[in-house]
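So that we are looking at the same thing, I have put the structure below in structure tokens.
Chain IDs A, B and C follow the sequence of writing; residue 1 opens each chain.
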Amino acid sequence: MRQRVQIPMPVRYLINGVLIVLLFLLGQVLISTGVLSSYYQKILLQVGVYIIAAVSLNVATGYLGQLPLGHAGFMAVGGYTAGIFMKNFPIKGMPAFVLAILLAGIVAGIFGIIIGIPALRLKGDYLAIITLGFGEIIRVILLNIDTVLGFKFTGGAAGLMGIPKYTSFPIVFICVAVTCLAIHTMMKSRHGRAILSIRENEIAAESCGINTFYYKTMAFVASAFFAGVAGALFASYLGLLVPSDFGFMKSIEILVMVVLGGMGSMLGSVLAAAVLTIVPFALQSISQTVADYRMVIYSVLLIIVMIFKPSGLLGTYDFSFTRILEKLINRVGIHDGVAKKGEKSR
Amino acid sequence: MSKMVPVPTHSYLPERDVDKVPILEARHLGIDFGGLTAVDSLDLTIGRTEIAGLIGPNGAGKTTVFNLLTKVYQPTRGTILLDAKDTAGMNTVQVNHAGIARTFQNIRLFKDLTVLENVLIGLHNSMNVNLMESVFRLPRYWKQEKEAKEKALELLSIFQMQDLAKYEAGALPYGAQRRLEIVRALGTNPKLLLLDEPAAGMNPSETASLMENIQKIRDSFHIAIMLIEHDMNLVMGICEGIAVLNYGKIIAKGTPEEIQANPAVIEAYLGKKKEG
Amino acid sequence: MLFLSQIINGLQLGSIYALVALGYSMVYGIIMLLNFAHGDIIMVGGYVAMLTIAAGVHPILAVILAILACVVLGVMIDKVAYAPLRSSPRISLLITAIGVSFLLENLAQNIWGANARPFPNSSIIKGSAINIGGVHIGNTAIVTIAVSLLSMVVLTFLVQKTKRGKAMRAVSEDMGTAQLMGINVNNTITFTFAVGSALAGIGSILYCCTYPQVSPTMGSMLGLKAFVAAVLGGIGSIPGAMVGGFAIGMAEVLVRAAGLSDWTDGAVFAILIVVLLFRPTGLMGRPMTEKV
């Protein structure tokens, strides 16, 4: 019989909780001691925003197996919601910002339902096209709605200016942690399994009694919700939003992160989002010419990865600190000579 | 919906099922694909605990019948009564909730997921924790996950597959994949289990133990099973009633003995019939 | 009278969309790929024509060179980026196409600069507007519509009457069976890309003559709209692409004529969404089913 040490659930949660707190403290110390200059802090905030954007897109792309091409549209909805709310809400300060983030997520989620219900009736390429269309329509509306309304609402092409800038390391960190945890716990439940079953084989899922349309919508709305959160953080980070920030190209940029990291791997999305956000800044500090070719490098990378490793750099592998701990304990402790080939690493 | 209770008319229904409402009653079922009639005027009755066989030459429309019963295709004509309830207007998901589960001729497992996860997906509707309870990991989540996992392992143990729980479904050998599909289907708690060529690709000893297990499943779950199969030893060995399909129409119905003696069946299988 | 000239405008724009949409549709018909890079092939064609004319090449030669460049580029993209993925999941292929599109746009931006440059349209289409019953019809409009229609006639002939065309139809019907029948599938795919890209090249010149400027991102919106036209008509269907192209062109001109020019892009996508919801396979597309 195999005697493998398994860390019990409460302990796992404790270990992971401690890990998150340590990471947070590390960030705080680096900032307060001035090791991270304000320039690096800004990069760090952007990394956080893009991690949320990529991880949320991964729900629809990696887990549900669809290819929405309008993710930036949901970010735009969230960003503008938060921006307009914060500019007009009588109370200012952190509570207003937290409220704005929640509201941004909810409004983006509602857009997710509005767009998802028709879009998810279609499959594959058609879903890609229709979400692309919706993304573009959102941009056009943000650009022109003021002329229809007759008053300043989104600020048109000039942009929505004067959004209070509250985005800081602690709030971004908390949002990233909450997003990753919530998506993780959702995926490790009957809901998450239902979503995965649709990606794996929709007809089989239906014959297992999975209401595929319901779970597709659920995944799509979750994806939109967190994209809205990312949009809100982005809005309050920049203090200014213009519709052209949220075009087709932005959707593709986020998609590149998810694909390079490995569709279906949260760690992949997090790493790819971090690396692809940092790289341009790093390139800039090396040489402007190289930085100019950033997008060229991205696209070549994307093509090469698709040809040679279509599952992305990490495949569907997901990181688990406790699992690594378990492996270490088992290696040091009992040697069970059981072949682990084919055993699932999740 | 009228609660009509059809009178079983077919002599081959097992004696113990004769006086009960049949689990499935198909009447004049038919489907056309763009003017081409694939299945026509199909009448079928399956007893509550019957093991029924659907046989016929390649291309006779056997899988199409399964697809009609599970509403993967919507029938052009006819009615399907599942436990005396008309399934008109239901989709695949609703038919599963109403009590039909199936396997597929071309295996459709969730390949990248583990064996356990495959069965847990089958058990999806036996759980009812909502999204918020799952996300916040409330007590009901833990309780139901634990119960479902135990149930899944118990189901896997029918085929002695509980030790494979952690392996990727796509990495299993062919025969094990077929067995896993049966386990997954059983997870949905069906009243009628449809098996599409369960023994395909299995060696004789695997087939023999499959036959035993099919009977075991019927006896312990008290459900009806209908199977499509080309292996005549299996069909004649465990099926109580058999329907023979040719060119989309039923050409014979009866007990294994009656079917083997039926001239129309022999003709349809001419050159193919090897075993008796 | 104003109405008539709007119709002409719609036809002019629509015929360009139709030419580009044909490329999308043909490629989709044969390898089930939404070739996102198609719009950017148009952009490259525009730059080649502009630069060669600026270098003193005769305009007619420049046009031919531009079309040739499109053909070579289209075929090369297929060979380098798409061919290795023939048996991969469709999503990988689609992402690769997006990558190629991204690559071309950004390369162009780095090589030729991000700003729009004027296109020497007057050296390609000469002469002035003609006047029919008080309606001014621009020379460019006449040439555009005539050339597009001629191209479509040639294409229809090619697909319906020639051996190559028959092979194309066979491969798009069933690649495996076509191969078993002795059709060289790879050559047929290459040929399809070549024809589609040639049409894109022609469309590119006509587009640049209508809106006389070139920019790295010009293919993006044009491509997206032509793509909408292809989907609208039923992707994979050649007559569908033509109908879709004219429909989108007309719709755009009408929205503009109604004084809503800021909303044209939105309107085009709104039409797409409505059509997809009620006829998911477009106006003339065939329904797709999965074998169970």
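Heads up, the rule we're going with is that contacts are C-beta pairs under 8 Å (C-beta built on N, C-alpha and C of every residue); 3 or more make two chains touch, one makes a residue touch a chain.
Note that this is a predicted model, so its numbers are computed, not measured.
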Farthest chain relative to chain B (centres taken as mean CA coordinates): C
Innermost chain by mean C-alpha position: A
Chain centre separation (chain B, chain C; CA means) in Å: 49
Chain centre separation (chain A, chain B; CA means) in Å: 41
Length of the line joining the C-alpha centres of chain A and chain C, rounded to whole Å: 34
Multi-partner residues of chain C (at least 2 other chains): 292
Sequence positions of chain B contacting 2 or more other chains: 72, 104
Shared interface positions of chain A, touching two or more other chains: 203
List of chain B residues in touch with chain A within their complex: 70, 72, 91-93, 96-97, 101-102, 104, 108-114, 117, 120-122, 124-125, 127, 129, 131, 134-137, 141-142, 144-145, 148, 166-168, 171, 184-185, 187-188
Of chain A, residues touching chain C in the complex: 65, 67, 118, 121-122, 124-126, 128-130, 132-134, 136-137, 140-141, 143-144, 147, 203, 248, 252, 255-256, 259, 263, 292-293, 295-296, 298-300, 302-303, 306-307, 310
Of all residues in chain A, those that touch chain B in their complex: 9, 182, 185-186, 189-194, 196-197, 200-201, 203-212, 218, 316, 342-344, 346
For the chain C and chain A complex, residues of the former touching the latter: 32, 34, 81, 84-85, 88-96, 98-103, 105-107, 109-110, 220, 224, 227-228, 231, 235, 262-263, 265-266, 269-270, 272-273, 276-277, 280, 290, 292
